[in-house]
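Please read the structure below before turning to the comments.
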């Protein structure tokens, strides 16, 4: 599905990623963990084309996508859900979904139906400005927005940051219901969530992959991992 | 945290510190002095003095733009403040020009201290336009509400009295005086920009948020740099007033800013030599070309476009590349020789 | 006093026309477009040529001037701003400034430096509350208010408008939804240029027309967007009229200080409002 080889990314003089490699099979969910500044967000932004790598290649479904513009990756099924729950706060929930439906060419009611099916409560909020939703609702709207069209690979940055346990549970349920159809790379600090969903685990430190666990049964040892958070 | 700066200094500094190591620094000062001395018979002493003053101005602008990455379109305000501060002091209080220089620089510095509190919080084009707006106000103030003392559009004459053996009304004395000022400013800025402080402001140019996260009060550094740049621009203004023995609102003209931007870019921003080379290029062009080129502004506009699209490194950038190439060539040939032996 | 208010409203309306494009280009692209001065000035000069020399009717002159400015705006966006997009914003600023220099000189070349007068195209007065007020100025204010509602409709109801509103907030978010924002930015840019030209041609009969007229107007509209908030449509509207009133009230007591007072207001706002730009 996705194959990253020897990726180098730098901001000006500061190298943020150094020869990062990563693999993901279809239908799998990979988790990235590591401290702040380890380069997790940079890696996701590079995959989605918001940053240009200095070196290395990204293969997606055996096609080279390195350096392609973000807009073109959308039609290939890549979706990026940024951190900090950035919805379009001045637009209503429905308009948020409308914009997502615009480029995918999906009719608005199909798109709305898709989002509502993963989170029925959103039905009552369609006419409300997205900026007024709670943090959890915004996060779910973002995931829902990414599901419009035909997504194949989700890149999700810190989906549970600052959310209550019940909401996290809800998000985990949504993601595990998608698991058969969609692959994902998720940046996460919440190890409990990782235990339930992860098929692969990559630990980043100072811009390098220091540990990669590709065997699902090996992932459960949480105490060991906490060192890296 | 340390790593960030190490990485920076590792890649950025060899060029500059290497070039500007102590011996080379003094050689640089001597070369600059020789360059301007040689230029005098070609261009006349008065003109070269004028050019050197502009180079001082360009260096102060470069500290702000080239080193800290803040493009000001209102730097003439400080030049004008220096000129008016000095001129008014000489006219109304005392003819002692050393005191007048001091007053002019302090005036410009004080103004930069006050306005800097507002301006340095902005970046990019906002910084440019806020400064331009202040420059506009300053120009308007000297032109009309303060007409009583500045004589508005007509301006006023400035005649400093002799001070012992120093008589600035003689052209060669003025030339030497300005040359010394230029060398002092160059030396001071070189020390400043290669110090840890200089590295810090360059890091602000690269990525201010990061520097702030490392625990530095970036506001303070930006403000200080703005004040230093304002003060040096003030010095350039003072010298302009003394060189022409005359001050008028042209010293604060908003349209003058494009000249220094042009100079800084064509010379190569972020290098003091670049500022001097650019300053000379701009002054030579603006002094001699308008005779042949009717559409001067159009010429400037097209040149700026070419610089922005095709010539970003500036003259000094290309010279440096050339030096690097020579040096590398040297290494290669030495290597080859050793192989042969 | 009524005269002062009407004058203030007129100036406010003109400032609104010019600032809107400025504010939108800044809000979406983070680009300050100095070439705005030139689209504004060229619009006015085209109007003068048509009305003063070719004796066209004023309305057609206005229409034609705006239509001519649209391709100019497009060319600037396509070949200058878009090529520098994603690089240092300072270069974009310098490049647009260079365009402004070239444009001013071109105007001097074609039309000369001599200021042109252009007469009030309506010339009649309406009587309100026992005062006779120039119809033309009232009309400008009415157009500004209509434009405000039209723009609001455009940004609230059309998908293009919605995409621009979304991009004002989170440009990368829009790109991640597969939408090529650059295309929408050029629409915004051209719209802004056309509105600047509209402001210019409507203001021409009340001001003197000379090649450098763009600079002070540009700085004034910059003050408008600083006070009103970058990319904030309603804020721009309110701030344009507020600063218009500031200008007319200042001018009543100290005619030369009107512009300076606007910058003082701007500086005051900058002191109290943090700007992270």
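Each chain carries a letter (A, B and C) given by its place in the written order, and its residues are counted from 1.
We adopt the following convention: a residue touches a chain if its C-beta (ideal position, glycine included) is under 8 Å from a C-beta of that chain, and two chains touch if they have at least 3 such contacts.
All figures in this text were calculated on a predicted structure; none of them were measured in a lab.
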Interchain contact steps from chain B to chain C (minimum; 1 if touching): 1
From chain C, the most remote chain by mean C-alpha position: A
Top chain pair, ranked by number of contacting C-beta pairs: B-C
Centre-to-centre distance between chain C and chain B (centres being mean Cα positions), rounded to whole Å: 34
Centre distance in Å when chain A and chain B are each reduced to the mean of their C-alpha atoms: 48
CA centroid of chain A to CA centroid of chain C, Å: 41
Chain B to chain A touching residues, read off their complex: 4, 7-8, 11-12, 206-207, 210
Touching residues (chain side chain C, partner chain A) in the complex: 159, 162-163, 165-166, 168-170, 172-181
List of chain B residues in touch with chain C within their complex: 65, 69, 71, 73, 117-118, 121-126, 128-130, 132-134, 136-137, 140-141, 144-145, 254, 258, 261, 265, 295-298, 300-302, 304-305, 308-309, 312
Of chain C, residues touching chain B in the complex: 30-32, 80, 83-84, 89-95, 97-102, 104-106, 108-109, 215-216, 219, 222-223, 226, 256-257, 259-260, 263-264, 266-267, 270-271, 274-275, 277
Residues of chain A that touch chain B when the two form their complex: 11-15
